[in-house]
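First chain written, first letter: the chains are A, B, C, D and E, and each begins at residue 1.
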Amino acid sequence: MEFLLQPLTLVIFFPLVGVFALLFIPKENKDAMRWTTLIVALITFGISIYVLTMFRAADVNLQLVARYDWIVVGGWNIQYFLGVDGLSILLVLLTTLLTWISILSAWTAVEERVKEFMIFFLLLEVGMNGVFLAQDLFLFYIFWEFTLVPMYFIIGIWGGPRRIYAALKFFLYTMAGSILMLLAILWLGIYGNTFSVPDLIARGGIPVNIQMWLFIAFALAFAIKVPMWPLHSWLPDAHVEAPTAGSVILAGVLLKLGTYGFVRFNLPLFPEAAVSAAPWMALLAAIGIIYGAAVSYAQADIKKLVAYSSVSHLGFVMLGVFALNPEGVAGGILQMINHGVSTGALFLLVGMIYEQTHTREFRLYGGLWKITPVFGTIYLITSMSSMGLPGLNGFVGEFTVLLGAWGAGQNGVFYWGGVWLAAISALGVIMAAVYILYMFQRMFMGPLGEIVEEAKKHGRPIRDLNWREIAVIAPLVILMFWIGLYPAPFFNLMAPAVNHLVGMLPLP
Amino acid sequence: MTFSDFTTILPVAILAVWACALLVVDLFIPKDRKGVTALLAALGLAISLGYTLSQIGDERLGFSGMVALDGFSIFLNALILVCGLLGVALAYDYLKRMNIERGEYYVLLLFSSIGAMLMAQAADLIIIFLALELLSIPLYVLSAFARSNVSSEEAGLKYFLLGAFSSGFLVYGIALIFGAAHTTNLYAILAAASASTVSPLLAFGAALVLVGFGFKIAAVPFHMWTPDAYQGAPTAVTAFMSSSAKIAGFAALLRVFITAFSPLAVNMTDVLWGLSALTMVVGNIIAITQTDIKRMLAYSSIAHAGYILMAFVPYGNAAVAPVSVAAGLFYLIVYAITNFGAWGVVIAVERTEGKGLAISDYSGLAKNHPALAAAMSIFMVSLIGFPPTLGLVGKVYLFRAVIDGGFVVLAVIGVLTSIISAFYYLRVVVNMYMRDGEPSIRREFWLDFTWGALAFLTVFLSLIPQTLFAWASSALMKLF
Amino acid sequence: MYFGESANYGFLFLAPWLIFFPTLGLLINVAFGHKFSERTIGAVASLATGAAFVVSIALAWTLSASHADVLRWRLAEWIHIGAVSLDWTFRVDALSATMMLVVSGVGTLIHIYAIGYMHEDVRFKADPRRFQRFFVFLNLFIAAMMILISADSYLMLFIGWEGVGLCSFLLIGFWYEMDTLGQPSWSNSYAAKKAFVVNRIGDYGFLIASFIMFWAFGTFQFDAVFAKAPQVSQGLIVAITLFYLLGVTGKSAQIPLYVWLPDAMAGPTPVSALIHAATMVTAGVYLITRSAPLYSAVPAAQNIVALTGAVTALFAATIAAGQYDIKKVLAYSTISQLGFMVAAVGVGAYVAGMFHLVTHAFFKALLFLAAGSVILGMERGHHHVEHAHQDKSKKGKKKQEDRGEIFDPGDMRNMGGLRKTMPVTFWVYMAGTLALAGIPPFAGFWSKDEILLDASLHNPTVYWLLTIAAFFTAFYMGRQIWLVFFGTARHEAASHAEESPRVITFPLIALAILSVIGGAINLPFTGFHHFTHWLEGALGKVEAMNLDMQVALVSTALALAAIAISWFLYGRAPADAVRRDPLETLGVLFKGMNGKWWIDELYQALVITPYVKTAQFLADVIDGRFWHDWFHDSVVVGGFNWASRIGLNVYADQKGIDAFANSLGAWTQSLSTMMRKVQNGFVRSYALTFLLGVVLILGYLVFK
Amino acid sequence: MVPVDYYVILSAILFTIGVLGVLIRRNALIIFMSIELMLNAANLAIVAFGSVIESFSGQIFVFFVIAVAAAEVAIGLALIVEIFKSKRSIDVDQVSGLKG
Amino acid sequence: MTLDLALFLVLACIAVASALGMLLSRNTVYAALYLVLNFITVAIFYLLLGAPFIAMAQITVYTGAIMVLFLFVIMLLGAENLPAPNALPWQKPLAIALAAALFAEAAYLLIVKARSLGNVLPPAEAINATENLRQLGVALFQNYLLPFEIVSILLLVAMIGAITLTKKEKGARNG
């Protein structure tokens, strides 16, 4: 029982209660399923809040640790090892938050096979929280791979016209990346005779040339997930085809698994390799920022634009992480949260309008602000947050990231890259304005678009948000303002852990 | 012969007597009640299994060193007997449905199991050869069991011709080993081989023996019979032989190589490496374009032979060999469970006259039969090697052994081919979940029980693999 | 949240309410606006701003009462990570207090004006529900502006800096579904977007400057930065100041980033007055003044600043002289005046710059508002005319009107003789014009003269550029007066124009008074340097200067001459002047002035088109066709197909297989299809493969 | 005496001929005979190897191989007869319905 | 050249020739008869190698039983001459090449690498046929009891299998 009542165990596995409950709800009773899932997700969120209250930011060690031997036999030393620290606490909260928001957003959007949808969603939550909390590499890997399965189904069953293609592509790309990581994990397990991350970090001493290989194996897995340029080509497909709730979780949390992986594993486990890889990773990040922003601008499909903007945003995260200084890393982590909140919200909003119009083509939209003022305003706030307007969350993250990157460039962390990487990346700020404003203008400004007339003709005139939809989006909007105006609590949560992490690196 | 000799092969002996008795009893069972034969066969297997388990901890040689009783053999015998039980369970309804229900089926299945068990216990090349034949001949017959079906006959003939062909190589290989070591006893061969520098004759013989086993386990390029035989044979037979024969083949291969040929590692490691890599690559790649589920699973089974073969590659490294053999054994369990489960689902969906076997026939399964679809998904995911299934644990174990042995490139090939395998396994899932269709399936208690239980085990055991790990690791310790 | 820390002087605790009041106002209007009447909405918004004005006064009083140079109020912890240690602190010193007073004071007046203006505007544009939104945005702007000017660090300043940019975007795009003439169009929204994007380019400079600053100084806090400035290398400071200058050119519409401001006139007139004339656009000047210790440390950078301002001042003034739209003229005039201010701070005349900022806020706000009043009057007249036509011949005529040219109420060529129909507006406009033209003793004269004086002392080039600009200023203002108010009505609407209601004229009059006497705060006579001394608290000791007759005479004479010339060209026969502008005789010069020197076109060709092309190229060709299609389909799949066709003569057939064919899958599929061919069903051939395996293994043993 | 090598070489020749028979003949019966030849060749090798030592083990092994061959023949011929019944031919190339 | 060697070579030539005859004869019956000849030759080799028991078994089981069974089946099915069309044109050349390679490798490994494998012991020492046979029988039923049992089961299984495969089913397909 002690095992089951660990708060972190509960955060991860409580959704399974919902899964079991759902199995016994008859197929026809869709509302009961929705409510069950929502309540379970809300309770999980509550548990994560409870975890937050137990969390002491000043402590750099893992907290609320649950550690039991799992497979300790025949040369194996695998533990059920959970723990939370400043690097992961926010991401856990983000996951539990976005899960119930997504479920609420799928209330009317998913009418077919509701039971399976909800089951997959809860399973996905299990996997995501598991990834953030697992401190044993093997356990981590299991959760990591496991997240693919429900997402695969969510895209493949409830997605758009090319869903099967997108789902397969998603699955294969991410699997292709992570499976090499498995080998690296096994190598580490053999090397250290343990899979426990803290123990491996404490042990250290991996020869540098091997570190390089391991770093690459891990980085490949994470970079595909992030996705870093040029490994991003699965993302637009997956986003465009995924159902709204899927896109939200995909953008909001799943991509963070990759960036989180860099922070959690690549930096402390392979410090020398991380330091020598920093300029290259930063270069890829910078290219991603610019490339993603430019390509976003040329999209005709709203979701694709947002998807490519993720490439750009996550470039910022990566840039921050590989700045290898507290500003950059903390900014990167905060930017993960920000991206989850903002892009998650954008996908939610796009989903809300898509539900009414069934098209995502810009050219059919226009002047929506006039008929949907609330929607327009929230969309505006979200867009601004996404493009990093000061006062909203996006800015705080981007600024600290760029600040960190500039410092890294000045202090030689980027070697040949210098401050140029930061300077070029900062251009992304301008380019973000270009594509975000383009999107906002095309959808909400200008004369009324064709789609408005069309909707009217079909007897379904476009309506403004209803209360459920506002409830779905409100927490995210509140977060945007909160992080934007008063980010101190967020930084304070992670600062000691980040400082500790950066302190381990053999910086030049 | 002493009683002690006899007890070393007690489960085998019991099963042999039971099989002979069943042959007679079957004559008195009316044609429409052959289910009784099935139950009796299962009873025999169960009794034998009971005795097998009672032998745990026992460890000796028997019949002048011709058979060995040790953790390894007990482990594998138990596994083979479980496979036999599952084979009976799957056949029970299937034969009736396909109108090929005859008592000989179960008798032959028992005899084949006897052969398989003897392979696990054999410590002499003669026994290995004879056991292999005893394993194979019933399988030839079983493959052609649906005589009304041309494919079944074709499967039987091809399997037989190529099987006999490979036997020729095996015998020749044994002949050369005999020529080099002047004995057929594995331990004596080891002594002879270690005494001097490696005789090329011995290496030549070992290579041919490897070829013979390679045929049995369907390693590329000795795999060509597999897809045809698996597709043509009645599905219940395919399920049985894809597990049982493979387990037996690996059992013998392991014992021969580790007991007798460890000094040959310098020659054989590269060969095994190549076989393993080739098998993984070819099996997985050809599987991609299959449209028939049985054929697809056949190639999948080839590919898995490649994965298991990986465990053999570091066999000459004394420090790693225990781990790698344990990994191989563990994967055999994983493979047996998952594979039987998948075939169980295939049997549930199959209809008479070869309908219901295309992968497209699985469209819409999830909507109408969610449990079956979920089970199949679990099996497919496990075959890919994804959490939370045994497949992942098994593969991880294998890769670890391989990395431990220093064969990182092989491990990389292993993981890359796993990605390729995701293509075709997921196609089944895609059809079940993401396409519409109206498949009709067969519900029957033992069938449902089989796939249901196996699906459960596939997930459940992956969460607590400790016990299985412990078994697998202890199973090999006794070998040395 | 963390409150307190600084000792509390007087009303200092009210500092956060500079922001909270407008925020409160906007929240109330957001939440309940749809239930309120227009008057209530307007009252709430105006009161919120008015309250901020009161707070500003209280803070200014507290500042002077405390005899401290700077007062700080720490509201909350902000970012503490790594080397960054930043709080949200309010800074009250002479400089910020001045800005607070101007922003909230002028802001309040404009709010009041806007109640009347928007009441009519929303009706002309047929969407009365948007009234509420306007005041929400306006309050938001005030809040953002207050963040900007009350900031105690560059980073907090930047928050307001971009915040006002957003408000500018929202308000320029207020009538987002139409163009300035009320016709359905994308043009207003384009203008809004342009403003934001161009500002972002400036913000890029701001960001980079901040990064350099942080890693050079280790802080963003003003005083800490200034204190450390002497220890930091010149090169870094030059870089910082120049990058800030880029930000300034964006926000304060200087060359090369001024292009957004003329388009910004798409916003309703109160917006033009408040944001795009009086307050927001002066933020750049404020920034430079705020950074005075940095700029003063690097003369090279100062020169560039001064030249930028001076060239802009002249350049924009020439364009203003060639415009026909009443607001466009004022817009270019604003750019030009901002150039004066930037030039002033560039030559180190921070007080003069700030002084001009204040007076300019008065008279330019006045001019814009009055111009708005003119436009409203024209629209009323147009409305009247239309009604009359409709009454006369029901439908027929109306259709004709529609088919005819669309009426532009802002086009000066349609006006004329308005002084009779709109007397109040005329008089206040005159006051504003004289102030802008720099005719003594109007406010503009004093401030401009101080700038010219400083320039003449420090940088002759700048001085002459500014003086010529001043000449043009007087000229285009004269031109405007003659065309708008004198002569006879050139359009039916002008003859039926009506004076605006009191809610509009009251702020006009108030501002007119300020425009007339506003110069009194800092007269160039010993004992009257109030403003200079006031700012000394923030800027350190400043040498107060007295009137230099030479400079004053030259500028005044030039201004008068310019007005005279404008009378000669436009005042004598305005109708002719409209048919063919007398300046057209200048040929290409006039075309340039009228066509804004084709800068927009230049940017279009040099920046925008290439960017769009690049983006499309990246998206379609690189990402789509290269990564997505070509790399996967052609190289991998096609290459393989080719190889297999040539080498093995098998054709990869992918039909009947799930269509995930354009990724790696296709490649392995083709491979698979090929390998399947080996599995040909012939048992002999299987045996052959088998033998091949044996031979290979034995071969390995042979060659081992 | 004749060296064992000679016998082994002979057996290798016979084995190869057997292999070749399996590969190039289409008649199922002859293929089958070729397989018997392969086994026979192996037997010859075993006996030859066995002749250098004082043991029967080789001979006994050969005895078992012969028995197994008999068993295989029984099954094989039964299969061939069955196939003949449906295909009316003993050409193995006719038996190629399963492929891919 | 000793007499032994000459005898060996002559017999070897017959063995190879008969094997090739089987390989190449178009007629199935001839092929079977060539194989019989080959088996008999091999039986003589067994005698030469001092294994009379195996020689007898070879003659009785192989030549007597198995080949008769073959001939019986040939008669049953008709000695079919297969038509020429060949679906696998490259099969034969490849097969010959590979077989040649196989032989070459085998020869290399057996002769060159393994060097001398020793000489056949003179049969004189084991000439006592009855004693030989008795010892063999004892070995068979003592040391080799298990394989013997397995073989018996194997033969039983083969019998069951053959019956299962050929037994006429009631209601089964015609033919």
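The rule we apply is simple: a contact is a pair of C-beta atoms (placed from the backbone, for glycine too) under 8 Å apart; a residue touches a chain by one contact, two chains touch by 3 or more.
What you see is a predicted model, and the numbers here were worked out from it, not measured in a lab.
Chemist: Mind listing the chains that sit against chain C and also against chain D?
Modeler: B, E
Chemist: Which neighbours does chain C have in common with chain E?
Modeler: Intersection of chain C and chain E contact lists gives B, D.
Chemist: Sort the other chains by how far their Cα centres are from that of chain D and give me the top one.
Modeler: Looking at centroid distances, C is the chain farthest away.
Chemist: If I count C-beta pairs in contact for every pair of chains, which pair wins?
Modeler: Result of the pairwise contact count: D-E comes out on top.
Chemist: By C-alpha centroids, what is the most central chain here?
Modeler: Given all protein C-alpha atoms shown, the central chain works out to be A.
Chemist: Select the chain at the greatest separation from chain B, using centres from the mean of Cα atoms.
Modeler: Farthest from chain B by mean C-alpha position: C.
Chemist: Taking each chain's centre as the mean position of its Cα atoms, how many Å separate chain A from chain B?
Modeler: The answer is 43 Å.
Chemist: What is the distance, in whole Å, between the centres of chain A and chain C, each centre taken as the mean of its C-alpha atoms?
Modeler: From the centre of chain A to the centre of chain C is 35 Å.
Chemist: Taking the mean of the CA coordinates per chain, how far is chain A from chain D in Å?
Modeler: Using C-alpha averages as centres, the distance is 65 Å.
Chemist: Just curious, how far off is chain D from chain B if you go by their C-alpha centres, in Å?
Modeler: Computed from C-alpha means, the inter-chain centre distance equals 26 Å.
Chemist: Which positions in chain E are in touch with at least two other chains?
Modeler: As it turns out, chain E has residues touching two or more other chains at 87-88, 91, 95, 98-99, 102, 106, 109-110, 113, 117, 144, 147, 151, 154, 157-158, 161, 165.
Chemist: Could you pull out the residues of chain A that touch at least 2 other chains?
Modeler: Those would be 164, 168, 172.
Chemist: Which parts of chain C, given as residue numbers and ranges, touch two or more other chains?
Modeler: Counting only residues that touch two or more other chains, chain C contributes 658, 660, 665, 676, 679-685, 687-688, 691-692, 694, 698, 701.
Chemist: Pairwise, which chains touch?
Modeler: A-B, A-C, B-C, B-D, B-E, C-D, C-E, D-E
Chemist: For chain B, which residues count as touching chain C in their complex?
Modeler: Touching chain C: residues 157-158, 161-162, 165-166, 169, 200, 203-204, 207-208, 210-211, 214-215, 220-222, 224-225, 227-228, 267, 270-271, 274, 282, 285-289, 291, 420, 423, 427, 430 of chain B.
Chemist: State the interface residues of chain D toward chain C in the complex, per the touch definition above.
Modeler: 19, 22-26, 31, 92-93, 95-100
Chemist: Going by the contact rule set out above, which residues of chain D touch chain B in the complex?
Modeler: Per the stated touch rule, the residues are 4, 8, 11, 15, 18-19, 22, 28, 31-32, 35, 38-39, 41-43, 45-46, 48-50, 52-53, 55, 57-58, 60-61, 64-65, 68, 71-72, 75-76, 79-80, 82-83, 86-87, 92, 95-100.
Chemist: Over in the complex, which chain E residues touch chain B? Could you list them?
Modeler: Within the complex, chain E touches chain B at residues 106, 109-110, 113-114, 117, 142-147, 150-151, 153-154, 156-158, 160-161, 163-165, 169, 172-173.
Chemist: Quick check on the complex: what are the chain C residues that touch chain E?
Modeler: 680, 682, 684-685, 688, 691-692, 694-695, 698-699, 701-702
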